Amino acid sequence: MPTLSTPTLIRGRRVVGGRAEGEALVTTQTISGWGGINERDGSIIERRHELVGQSFAGKILVFPGAKGSSGWSAFFHMTRINGVAPAAMLFTRTTTKMALGAVVTRVPAMTDFDADIFESIRTGDHVVVDAEAGEIHVTRARAN
Amino acid sequence: MQLTDTEKAMRDGSGGEAVAAAMDLLIRYGEALGAERLVETDNVAGAFNASTPSVRKIAERGMDEVFSRLNLDSDRTVEIPRLAARTCQLITGIDDQNWALQGADPQMIEMQRASEAFVGQRGVNLMATCTPYQVGNVPTFGEHCAWMESSAVVYCNGALGGRTNVEGKESTGAAALTGRIPYWGYHLTRNRYGNRHIRVDVPVRSMLDWGLLGYFTGERVEENIPVLEGALAGVDLVTLKHFGAAAASSGGVEMYHIPGHTPEARSAEDAFGPNRAEEQHVYDAAARKQMYETLQSATDRKVDFIMLGCPHNSIEQVGRIAALLDGKRLHPDVALWVHTPRAIRTVAERSGYVARIEAAGGKVMSDTCPAISRRLPPGVRVIATDSAKQAHYLPAIAKVQGWFGSLDACIEAGLTGIWTGDF
Amino acid sequence: MQLTDTEKAMRDGSGGEAVAAAMDLLIRYGEALGAERLVETDNVAGAFNASTPSVRKIAERGMDEVFSRLNLDSDRTVEIPRLAARTCQLITGIDDQNWALQGADPQMIEMQRASEAFVGQRGVNLMATCTPYQVGNVPTFGEHCAWMESSAVVYCNGALGGRTNVEGKESTGAAALTGRIPYWGYHLTRNRYGNRHIRVDVPVRSMLDWGLLGYFTGERVEENIPVLEGALAGVDLVTLKHFGAAAASSGGVEMYHIPGHTPEARSAEDAFGPNRAEEQHVYDAAARKQMYETLQSATDRKVDFIMLGCPHNSIEQVGRIAALLDGKRLHPDVALWVHTPRAIRTVAERSGYVARIEAAGGKVMSDTCPAISRRLPPGVRVIATDSAKQAHYLPAIAKVQGWFGSLDACIEAGLTGIWTGDF
Amino acid sequence: MPTLSTPTLIRGRRVVGGRAEGEALVTTQTISGWGGINERDGSIIERRHELVGQSFAGKILVFPGAKGSSGWSAFFHMTRINGVAPAAMLFTRTTTKMALGAVVTRVPAMTDFDADIFESIRTGDHVVVDAEAGEIHVTRARAN
């Protein structure tokens, strides 16, 4: 578990390579593309979602994975085109929608972690994603 | 991920730039999945035409760019050659015949037609429906496919024993150019066995029954593979089409087994294979009623719009609607749209069904649907539908209230303007 | 034969006169077969319209009489109500759009249309094709059907795992009115296992390959149930459609198994069930060449007419023909007709295929075919076709010489006017 | 085996009831409807058939059964309408085409015999068919 000073290291599998860092946005609910997000501002729009109204633009998005229609990848692809994609994607359920979506969003993405990322990362924590090395480093935010 | 010599050659340019870009995407995608290798496919169903406002700017720069950017995720515009795999167009954004009724912009229909000419020239069969299996694209048992559209995927896998994952715009573009898709997920026999059991204690026979069971199934099993047994009757293309679409909407069901009625389920034992049912669920009268109530998102009984045909109706469903409306008139405040593939509309016209529906004041629509096109008749506040999937999605998308029920209840509401429902 | 209470009531008039006549016929038919009982069916495909000269006299007395006499074998004319079962029209006699090109009499097309209005009003879905499974009538696994048309029956049983015998005009009429058919033959699991083995030693992949294999299969196994194993590739709707039609023509094959590719054949062992292969046949290069030669009934290399699309072509097949003819012109002495279901023609038009075929001088035809309609362009002496079934039947029916080969060979002959063939 | 004077009795199953008698027309080849017979004069027209050119009108037709298209019953139905149907049908292979065809031709028909009818009956023999009793009586023709 991350403490205030020492980053926690979690290992996982590279899905899309690269390196990114930023503030985490964490949800234990899957996210829909069509009807789930606004691809123009990167916000969650699904009425019953715990993150409704919040934007993942530039955030390290930590979530179980994709839900909903087969247009999922196309919606996240659009967030990149519109400059509001997440900075990285960390997910736990590998599906074709999720994998393709990560690939076409072209942000570092990882899965198959050796720890429970929903326990280890909270919204606001600082996360460094090094997909090439298969590592993420989590620094607990003071407020957390 | 292992590549055959042919695949390496494609990656390295033997088939031209578009094929190389396609193979590059497939490699990145396959590695993202952790797939061992690719599999050959000659059956691709995707979304290749340009039919939405968001695509317009790209389309103005040409159709090669539309395909390159949106169907290949390529920043560089490549020239799109004739497609290698058999490919068809799923649902599109605008009804080619009734676009004015939909309130679509004439420029948009011109764009859709121009893009269709482009992709048709390259071998995309312009079926323009979410139900390609109703228009002759019927995968054979074990056939490896690359399909978009969750309701079509679950039909291919469950009802037909074909093999596809839920593909996306970009992966189907790549598959169409190369005849390849990652050998992952439902392409492997071992991933197709059931792992959840649903015991059906209340009789299921009608379209309404099967939609409610589907919605329950998806809610309970999410993306797992249910095996359903019990008081099940009336299994055919129409009921399985509705069942699967409902289960894919409430959950993410992509495969299911109904012993004796789906090809990979001679029995429950056969359906489970080496697996055990990790969870058991019981569908009883209380569950059925609860699903019915969950699918209602309306309070106002005065109805403006009846949406029938999600997934797109079969000819038999259109015929049934024609018989129910024969000699009657819809309430003047109600619009009723029946959705069916354009090819099937031809049969419906010849059989006299379209004339009967139109004489009652209804419209037969094709190519799209309100949830996808986001177009309804003007001023609609309260809809009613016989589709669990449409009831699940349309109210949020179109910001309307929604009633759900049987076809008979929908027709009744169409005639009276008031929803009374089935219970 | 045992009857349920509902069936007895139908026999005794509870559903009206037509239903009583239908049940009477089913009882006599079931007893003729030695069937134990009837089975419920909600999927009937038959021939209900009036489209041939021989029917004209009866049609002049009204469509109730046409149905009563020809679809019910009733001497008394009964009033035909709305049909109980889902019913569709298979192939018909006249192309509704191209009847003049066929040389049909305008009175005959009027009669066909009037009969279609009559049966359409009663719920017959006017698909007008020998391939209902290409137009949305796709039986699910185990679904009990009552279909005419041997090529459709073998597709239903073998490729889809549906269950039907080869029904006739009268039994489908009775089934449509009652929703019943004798529980006999292929409705029973125990009658569906393989009992002949075909070992395929030469690669089979193309349409030509599958047609030749089908023709060999029918010749060797006649009405038995073959299990085919070996160098088989390219299995999909199009190749199985051709294979089955060929086997149903040279023999009377109504069911087959291709392990891994047909739903009742996970393996050869699965396909044989409790049976053993009573005979083994080997399909090798010599057999393939022999079948190719057997299917030729021509000597004159100068060709007048190319017939493509038997059974009716899929959209993908029409697209392939369009691509082969694109930018070319057929030889002025050659007519080339491409047959596809009318519903599929809609998709072909939208995809630009019809325009390309017509620009080359070809025609896209629907609803019928030369073997059934007995109508060819005037003066035709030598035909060429890519269909083993059409090659088997048309020369004798139309008194013409016939060449058979691949689609490429047929297109070549269309462009040059000379048949050179595939070997 | 029938002799010149004593009719041979063969038992079988009733397919269509009734009684008929007449001259036998025997073939060991199945018969097609479409492309196989001329429904206006009851003759076999299939080029390679051993009975090509011969008419079964009013004869006791002895054959294995039906072959060819699903229009079989409709073709034989037409022979009745045209007054050229066989007098009875004796066959060995029960199929839906054959059974329906016999039913709509409305002539006595039988199958499932206790002897080989192709051995016991020759073209020209006099045959009495009593389908109700499930019996046929064959008198060998002098010329046979």
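Letters A, B, C and D mark the chains in the order given here, with residues in each chain numbered from 1 onward.
Operating definition for what follows: a residue touches a chain if its C-beta (ideal position, glycine included) is under 8 Å from a C-beta of that chain, and two chains touch if they have at least 3 such contacts.
Each chain and its UniProt protein: B, C = Aconitase X catalytic domain-containing protein.
All figures in this text were calculated on a predicted structure; none of them were measured in a lab.
Distance between subunit C and subunit D, defined via averaged C-alpha coordinates, is recorded as 28 Å. For the pair subunit A and subunit D, the distance between C-alpha centroids works out to 78 Å.
Along subunit D, no residue makes contact with two or more other chains.
Multi-chain contact residues, meaning those touching two or more other chains, do not occur anywhere in subunit C. Taken pairwise by the contact criterion, the protein chains link up end to end in a single open path, with no chain closing the loop. Taken pair by pair, the chains that touch are A-B, B-C, C-D.
Considering their complex, residues 42-43, 82, 86, 88, 96, 116-117, 120-121, 123-128, 131, 133-143, 159-161, 234-237, 240, 260-263, 314-316, 319, 323, 341-347, 350-353 of subunit C touch subunit B.
Residue ranges on subunit C touching subunit D, taken from their complex, read 25, 28-29, 32-34, 47, 54, 70, 73, 148-150, 153, 165-171, 182, 184-185, 223, 252, 393, 396-397.
By the touch rule above, subunit D contacts subunit C in their complex via residues 13, 15-16, 35, 46-47, 67-74, 77-78, 93-97, 99-104, 106, 109.
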